[in-house]
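Below you'll find the structure I mean.
Read from first to last, the chains carry the letters A, B, C and D; within each, the first residue is number 1.
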């Protein structure tokens, strides 16, 4: 490990809260887009569900704004579980709850914490949904993202750069779902007809990681004179 | 989008408000989290039967709450599985100390949410078993899919298990019965038109004037195959033969093992239909298909069953598990035994299904 | 045109074949002329209650044949009044010596055909009275129109008079009761979409995405007014206030005078609703409107009735008198008295309405 | 009366049967047309009903082909009553039955018989439906037709010419229904919206009288060398 601590960007809970607000904004902006992806191979609700869920998250955040990152993330997870419904609710809910467990008690997240949180999130999704890579689900965006983040940090990149690579990997993973035949979730019922469409859950996963990379870059820019 | 609604975001809430006003002696409605429950619940010593799923399938499930059927139903947003807190709070409200059966349609979302709810309820000391309904023969395998969807058999399972619970069956017996209903029931559906989720504002798919979707689920999703429109007789034959000639269907499902106190994989097999089988024939409108067309389908179904040696001992014809205003039909055949027939005939009083009281 | 049919010309015939197969213990079907009748008819000494009208309004009327409601129903072609020979043969089949009540919706065709049938039945020695249902407040006057159409109140009259006949009321009493139900019931309907008569093959009218028809009948005909789409609350308010604030409605109708042995003009007046009136509130889907939307309408109707001092003592929510797959809703309010409430609650067992047995 | 009997065209029962067949043909050909008129201000079934009724008539005719004109017409009326339904069934059914009564026992119809039959038909429609002139119904086509027929015969025209004038009057009467506000039947429910549409029943009445005129002309042509 060659990471120079002093150069590193860390994420405070305030910044984490900002990041969650951005996520809500981006999901709202992409509501129709995600829903139309879901209309093609699912039931036309993914964007609506995620938007509803993150609106509920926003309503919950004030009550935990002074709490540690773990509590904040677990609160997000619980809010998602109890408002999103569908497959997205338990999956993203579990993801955020597991991420919260991974950083319990912390008020500042260092790059390794971010990796641990994301890794826990992915493991949570897999534990809950039992999807394999290539099944055409959010796992196909999250897995390459976590791998890229880990590799970049191991190779000495800063958090901003590492998250940028994670987002790029997620985007590629998302696009890679297009030719896949769905084997999990609602899209699997379409059989061959699922081929040629981008998975909505992989898309929302990419969007969330994209937000993390963007927020990191913004913070970095603010910190640099 | 043309609907009798005020705002797409308020559809479920206002529907529930209407239900609360419409059937005060029969059901009550709890808001946030949302669920409909029997006005006389909890009934001490009685197993509570609870189901739930996305809204848009009315009268299922909320319309089946009442005497002799469901103790509670948890409605999600339109076509979106409800959340664990709804299921948990419903269980806490209606359980009478004899445990809770969650009847769960096999959709990834429903399954995961009901599993979380069951874990949470057990953590609060309530005995809970989950039984899956996966009866849609349009889904051929379970290896490369999330497994067969839960469709028409759900309605029949809710009626039969509700009657069993009313009679005082214990939790294990109601759950075993529910599993038995599930493995003896098979369904398949088709759509002439799509439907429009209020929040989405536009149809879930588009179909030409001479096309139909065959092998649809109940969420406005496209089916297995799009084909040229056929006559009612041809459509009925296609659905009925897919059901009657369906080979044994094997898959594993997750159930809670009370002895081991953990989720276990259970292997299940649906036995195929055989000549001589007594069946319940269920012709269901997807919502927008008018009642005049259903007997036309039933007529052909009756002919085919007779030809195949299946004896229709009971039937159900109407709108029971729908996809909003979608036009189309689904057929369910359930192999009956004497116990199931007896429980089917038992009195039921719900907004959506009623006889004998 | 997308329908689950084989050939447009065979829709009614095949529907009837399906009904015969579906409810063998409950109803029988006679072909050429077509009518559906109680399996246990004739019942000696019981007044026979018969109705009929065009097909396409299912479950009305055929779905209301059975114990405690209709003895027979005569289905015409889709949206076309049946013919006198159907009504005559139905009367001959089910009358039990205590006379026949024809419940007739006020449409020129229905009225003329039922009058001819009554004359023919009397010529064969059967006592017959015809009572008209004319409850549609969308039609303002009777001087410049064929008078108010018969709509939602028909269903309620068939239930209440059917129960009365089952209890042994004599013909005169059942007829008087039917007239009383009619003058105390008022309805109004609206459509979001048109419907397609199978033989016509295309929609009866066209509506833009943001338009609706208000004041429609039940035959896919355009309504009194086309307007911009409104919310469910606004639509409910428009229909409910038109009903509740409708002034006394006076007209003459033709009834058979048994003493004079001739048709006479009878003057009738519908008394307006007043605060304190106990009412049955009936929210009816025009056929294609999904069940999720009806409680939204009921919720607002309940609020308006309460505000106006009307006390909802009973309700009926669902599809009962439809126009094929038309989306839309009609509201009926019926001022109840104790006798009517008691007869409403009496057991009924028909394919379309069932409770208490 | 200046009618010269010898010049006159009479209608045999065979020719009457031919006329009824033509009516059935014309109604079949105009099924969609009549139905579309009925769709505008009624319930889109008039053409379908009339076509179904006259098909039933055709099926019945062989059993009475040796009978007198009165019996034939009454048979037509009964067949229409028991197959047309709606308003059209009792109205046209009564019209044909009354026409049959007016020529009971005759095997050859002279011009006065045709007038008597048509007049009885109109009276039957009015007796059954109680419509006044101007109510926008078939009465508005039938009344001028009967009047024109009577006037032409009184003025010495032959049957062919007189029926031609009756058909022209029926056509005018039919067109005159366009600006009328309907006061009877289903169209009356439309109030002002019934204005501007041609009445379907008046149209079918015109078509039937048109057939009578055409058949008369054809017979005349055949009889002239």
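A few points about this structure:
Operating definition for what follows: a residue touches a chain if its C-beta (ideal position, glycine included) is under 8 Å from a C-beta of that chain, and two chains touch if they have at least 3 such contacts.
The structure displayed is predicted, hence computed values, not measured ones.
Taking subunit B out in thought, with all other chains where they are, the connected groups by touch are A | C, D. Chains touching both subunit B and subunit C: none. Annotation: 33 Å between the Cα-based centres of subunit A and subunit B.
One inter-chain figure worth recording: subunit A and subunit C are separated by 57 Å, centre to centre, where each centre is the mean of the chain's CA atoms. Work out the mean CA point of subunit A and of subunit D, and you get 78 Å between them.
Under the contact definition stated at the top, the residues of subunit C that touch 2 or more other chains are 78. Multi-chain contact residues, meaning those touching two or more other chains, do not occur anywhere in subunit D. If you draw each protein chain as a dot and join the dots that touch, you get a simple line with two loose ends. Here the chains touching each other pair up as A-B, B-C, C-D. Across the complex, subunit B meets subunit A through its residues 33, 54, 76-85, 107-109, 112-113, 116, 138-139, 144-146, 149, 197, 199-200, 204-205, 217, 219-222, 224. Chain contact summary for the complex, subunit C toward subunit B: residues 1-7, 11-12, 14-19, 21-22, 55-56, 58-59, 63, 78, 192-193, 209, 212, 229, 231-233, 235, 287-299, 302, 315, 317, 319, 322, 324-325, 327-329, 349, 351, 354-357. Interface residues of subunit D, counted against subunit C in their complex, comprise 35, 39, 41-45, 48-49, 52, 81-91, 128-129, 181, 183-186, 188-191, 193.
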